[in-house]
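Both complexes below contain chain A, partnered by chain B and then by chain C.
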Partner chain A sequence: MLFRKASSPFISAQASVHSIMYQVLYALIPGTLAAIYFFGWGILINLLIAAIICLLSEAFVLKLRNRPIKASLTDGSALITACLLALALPPLAPWWLTAIASIFAIVIAKQLYGGLGFNVFNPAMVGYIVVMISFPREMTFWVAPLGAVDHWLSFSDTFSIIFSGALPDQSSIDSVTMATPMDTLKTQIALENDIESTRHHKVYGALFNNFGGKGWQWINLLFLLSGLWMIKQKIIDWRIPVSFLLTLLFIANFFAVSDYASYPSALFHLFSGGTMLCAFFIATDPISASTTPKGRWIYGMGIAVLVYCIRTWGGYPDGIAFAIVLMNITVPLLDYYTQPKTYGKSEVE
Partner chain B sequence: MAGTQRWPRGTQGKLALMESTKLKHFHGGLCLDYHKDISRQTAIVVCPAQSRYVIPLQQHIGAAGKVTVEQGQRVLKGQMLATTKKLISAPVHSPVSGTVVEITKHAVPHPSGMEADCIIIENDFQDEWVERKPVAQNYHQMNSHDLRNIVRDAGIVGLGGAVFPAAIKQTEININTLILNGVECEPYITCDDRLMQERAREIISGADIIGHIIKARECIIAIEDNKPEAIAAMQVAINEDNTGFFRVQVIPTLYPSGSEKQLIQIITGKEVPINGLPADIDTLCQNVGTAYAIHKAVFEDEPLISRIVTITGKGIKQPQNMEVAIGTYIADCIEQCGGYNDDASCMIMGGPMMGFTINSDQLPVVKACNCLLVTTSDEIYPANTEAHMPCIRCGRCVEVCPAKLLPQQLYWYASTNNSERAAEYHLFDCIECGCCSYVCPSQIPLVQYYRSAKSEIWALEADRKKSNAARQRHEARLFRLEQQKRERDEKLRIKREMLNKKKGKTEEIEIDAKKAAIAEALARVKKKKETQAITPKNTDHLSAEQERQIKEADRRRQMLKDENHE
Partner chain C sequence: MTTEQQTIVKNGLWTNNVALVQLLGLCPLLAVTSSLINGLGLGIATLITLVLSNTFVSIIRHWTRPEVRIPIFVLIIASIVTAIELAMNAWFHELFLILGIFIPLIVTNCSIIARAEAFASRNNILDSALDGFMMGMGFLLVLVLLGGLREAIGQGTLFANAHLMFGSAAEGLEFTLIQDYPGFLLAILPPGAFIGLGLLIAVKNSIEKHKSKKVVLVSAPVKPAEAPAQ
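Our next item is the complex of A and B:
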């Protein structure tokens, strides 16, 4: 008999941060595969660059901070950041752009705040915003999805564009890249071309599918399905995605119904750009999100409003990163003012 | 593996005896692995008499009793050993006849492994009782006050684990609902389960006495649906009683349904107000074991000198429920169970969710001891106090918290020693049920953080009290010194005046001067009293928040003062 000392409770559900993070990573797989299918090797190369740089910079800072390296590297959180970045950055983004975004995300936005659990902002979104503001030209290096073009850019061509900027013979960067459907619509609306004519335009029309952007709608659909799986597994809280998607649906529908020629439909908003990725994988990052039940409702709504405003009236094609970071700022306030009534409180008041 | 928070599916079908009453659900909670079959298969065994007993003076919440026996004195079984007139307290009694060999400090079961005042009794194996005068059925004619005194003098405290003196809970009368707590939601523990199976009639009888004291109109016996035999036994006893006063209420198995506040919420749908009592919402909650003890006190005039203890876990050779005399060494009980298994590694008093580890078996069984859980290292989760992962604010703790707190925020402030903020996030509403620690994916020992934050705030408060007292003492001393100086000067002046006058008038003057001095002194005393009435405070230039905190502290201090006066 040993009479070991311990503190209650002596039993545990034995859940772990590690398993949560890896389940999130697994949930990212289908959507990522779809993104690779539609946009080619670029996404995969981005993913590898981001993963390597994220892990290396995390290890570097942990070493500087004298923290256990192995435990933190294997928790999976840096890989999630890398994956989100790879999905958000354009497929033909030069390697250094991905590297800068990754370094910023991990070193500045995550580790300088104290590492996992202490970051105020979503690291991937901070990394994205930094390169978005600093390198607007490179951030437009999107390609047309498979379906709009017959085949991918070959692996060697993609590789050389990303690493040396060398384009295939007799082509300019404009001939291999193409704006995203969201960007295209925005430009065309600004030129006072109505949505219907853009959707059936001889060039741009190829970018659109029945309800979302070509390719994008399938990627979004897969992220939606994985998101629902994560909710079922209780890996993420359902409140943020539900409030975000419902609010976005409501606002987009309100404007689309009032003027369908210049405001894209709610379905287009839900199934284009990074909507579903944001709803289930970015906004639900528990560390930078609000943590009270009521706060999570407000947090999701706030993101939806900001996303819609930036998409519709702002200067950037998609507003998810800015919306997330802006709402991250409000989190301490939200958490403070949305404390649930504790047991026995409701009876007194 | 246990899921979290929702009532398990299909429980509805199992609630065969549940009447039409709609049960309410408290926030959060856990479905756990219960391991109750380890200990509930066999009947309660009475622990044989031992040669030596250790009776701690304080086995309850409240003040310790004063010893009423002397070293070397012979005591009889059931004789009162220590008592006090203080309101919140309970006496202790001798479990056997024998000799008081020592009144000394002895290690007692406590998380800190501390020692406390104990009376050590050597058994003479005569089993000679003090004179007993049971009131038995006559209790129907007795008034609440006298019955309450019987409960009090029998040293009966809440036997669910909280050990709050039972008589005090029963002070309020005309309470509508008496809830008898047979929930026993902690894993492993089966003492109430077995008690209900074997001694249902006595429990019902004890509940009837409580009902008589508080003039209750109904008694609901709450039992979790994982104890079908206990439910059936209680139902049989109720059918025999046939007064319509009792009703069994089967509730779904969900931890911590057995916690008083949560149970009241399940049954009545109401929450006990903050800083309030169950009586405020017309309920009183008592454990089935307590009801049994009250039956024994009234019908046999037997004070609380024994209780049922579940001795269980993989570290025990023959797990069982045992009726153990209070004061028996834990080691003696373990021996009766065949001793430890080789891989026994940890002894917990109480259940695995809220109990505490004890560092020796040379400790007495006390009134609070409902379970001795001896575990092997693979049976319980290893104490992960060293390195845990950081909090990722996932909010699982919020989902399961039955007090509707924000454990992750509390943790943030408790771990950074920001006690003011922690209190603002309702640290003191935490019931330490352990649900948050149980689900935490980062394995943070949350409850441990809350406990230390609480004790830190208590220590701060005590410090503040002390320094306040010191300051007042200091100010009083300055005042006294000044007064003495003034009196001395006054005397000197009078003396000088007297010397200047002629001898004949001296006496008159002296008397006048004395009278004047007395009058002056009286005036000074009066003035002093007035100034003292206004307690000095540094309360200028404070923010509203600080003023609020001061008020809050004053209120708590007043509450403490009131308690002490009682």
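Our next item is the complex of A and C:
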């Protein structure tokens, strides 16, 4: 398969796809556990559905294409896609929604483009976008994080909501779901309520912690730590996360300072939604991201600008999937124009 | 029907299909096929244009000087499309409003001028008309198929808005495939058109591949006998 740690010309230690993918999977564990802790069993059920469907559809297409099945299934890439999807989809999403996202991610975005190493777009993000634009209602089935509400959905309740849509007695879909902090802030700002009053609102206030969304900030913090570990292990390059986070920090700070009441602080942007997951696990995808040093700086900045624009002025609460896919399109061009100079050669005329 | 005419029929419907092989006229194909009736409406309009333009181009083929043939073809096609546009505006007004800009844009459908240039300007009237009909039919079938697929997957119905085309009697024609279907918006949005067309082309190619495999199997024993003669 096509696998470059960075572009030429240098010798690098050979790393196998298998070992890298599994280290990424291990790095995803703490954040995923935190997500399950804060948002309940739904995340775990989604993870299982996504993993099963991803592996099955990968095996199916590989069989159609007459490719070795076992080697591709065990390399862990489909599991990473499943894990990213489960973390991105709402915890109470019906099972067929997770299944459609997984099938699109693996069949259309990954295998139809030629399989691992040839997919132009990040498979998990394509799967997410497909369900995001197709099922806007189901995509709002987020639950309130632990600590924001008193009641807690049991495993069997969650299971029946996901598989049959049957809600526990005396509750409606509106009583078990709640908007995410980002969505809440966006709605309230659109209603011209300033951020401080939203944060101390008697209902919505429960969604916010000292600097990010409740629950979200711990999940993001864990992803940040595992991301730093991956950089130390040299599994991912530091340039994309650093340029993405710095750019986002800079833009968010610029607007927050200019108008404190209607633009959330930079810290909120960094520790809410999928920021850290994006910075270390999605944007750094070795296949669909830029591979040159300069290209990676531009790639990270582009994602940050798009994420901020979509979050602030767009129609969706978080814009990571769209930002990633839009920047994936620019990668061939970025890589072409940012090739590092070969040692000993003068500037190409 | 002569063998030549059989080739024309086969070319138009399958071997040289406008939408699946030549990939011409993709703009209207992708834009209007959000439902079966929309696809059918544009398909019929394109079909009529193709038949008429091929016929007229063939009629005047002996008097058209090669230097000015393209402007003349364009004039003919533009007049026919204008007439069809006015007719649809008069009799199928609501469908006309849905199809909108894509009716006048039939003028720019490359397949029409391609057939005028490649076929009608050098063949007799009957063959040209047949070619126009079959090419239009191939295009129409793909439009209807893609429109039907996108409508069925996107909103779970078929023949929605049939009354726009066949009058109020056809309102009962609409049927719902799945009750309480939540709808799959992507199929109706532009990406659905691209993915759908890509899959149709893939299906066609795989059928051809399957066919050619059979041919090879049948002809395989013959080959060793031919080899010494070469």
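Please note the rule applied: the second predicted complex is superposed on the first by the 329 of 349 C-alpha atoms of A that agree within 3 Å, B and C clash if a C-alpha of one lies under 4 Å from a C-alpha of the other, contacts with A are read in each partner's own complex, and residues count from 1 in each chain.
Methods note: a residue touches a chain if its C-beta (ideal position, glycine included) is under 8 Å from a C-beta of that chain, and two chains touch if they have at least 3 such contacts.
It should be emphasised that the depicted structure is a prediction, and the values quoted were computed from it without experimental measurement.
Trainee: Quick one: chain B or chain C, who's touching more of chain A?
Mentor: Counting contacted residues of chain A, the larger count belongs to B.
Trainee: Could you look at A:L85 and tell me whether it touches chain B, chain C, both or neither (first, second, both, neither)?
Mentor: After superposition on chain A, A:L85 lies in contact with neither partner.
Trainee: On the A-aligned overlay, A:F135 touches which partner chain: chain B = first, chain C = second, or both, or neither?
Mentor: In the superposition, A:F135 contacts chain C only.
Trainee: Applying the touch criterion given at the start, work out whether A:I20 contacts chain B, chain C, both or neither, answering first, second, both or neither.
Mentor: Touch partner of A:I20: chain B, not chain C.
Trainee: Classify the contacts of A:T292 with the two partner chains as first (chain B alone), second (chain C alone), both, or neither.
Mentor: A:T292: touches chain B, not chain C.
Trainee: Using the superposition on chain A described above, determine whether A:I108 touches chain B (first), chain C (second), both, or neither.
Mentor: second
Trainee: Across the two complexes, what residues of chain A are contacted by chain B and by chain C?
Mentor: Overlap of chain B and chain C footprints on chain A: empty.
Trainee: Taking the complex as given, what residues does chain B use to touch chain A?
Mentor: Residues 1-2, 4, 26-27, 32-33, 187, 261, 265, 270-274, 276, 281, 315, 340, 344-348, 350, 352-361, 374-375, 377, 380-383, 385, 387, 389-396, 398, 402-406, 408-409, 425-426, 429, 432, 434, 437-443, 445, 447-448, 451.
Trainee: Would you pull the chain A residues touching chain C in the complex into a rising list?
Mentor: Against chain C, the touching part of chain A is residues 100, 108, 130, 133-138.
Trainee: Over in the complex, which chain C residues touch chain A? Could you list them?
Mentor: 182-187, 189, 195
Trainee: Within the complex, which stretch of chain A touches chain B?
Mentor: 1-17, 19-20, 68, 71, 75, 115-118, 234, 237, 286-287, 289, 291-293, 296, 335, 339-348
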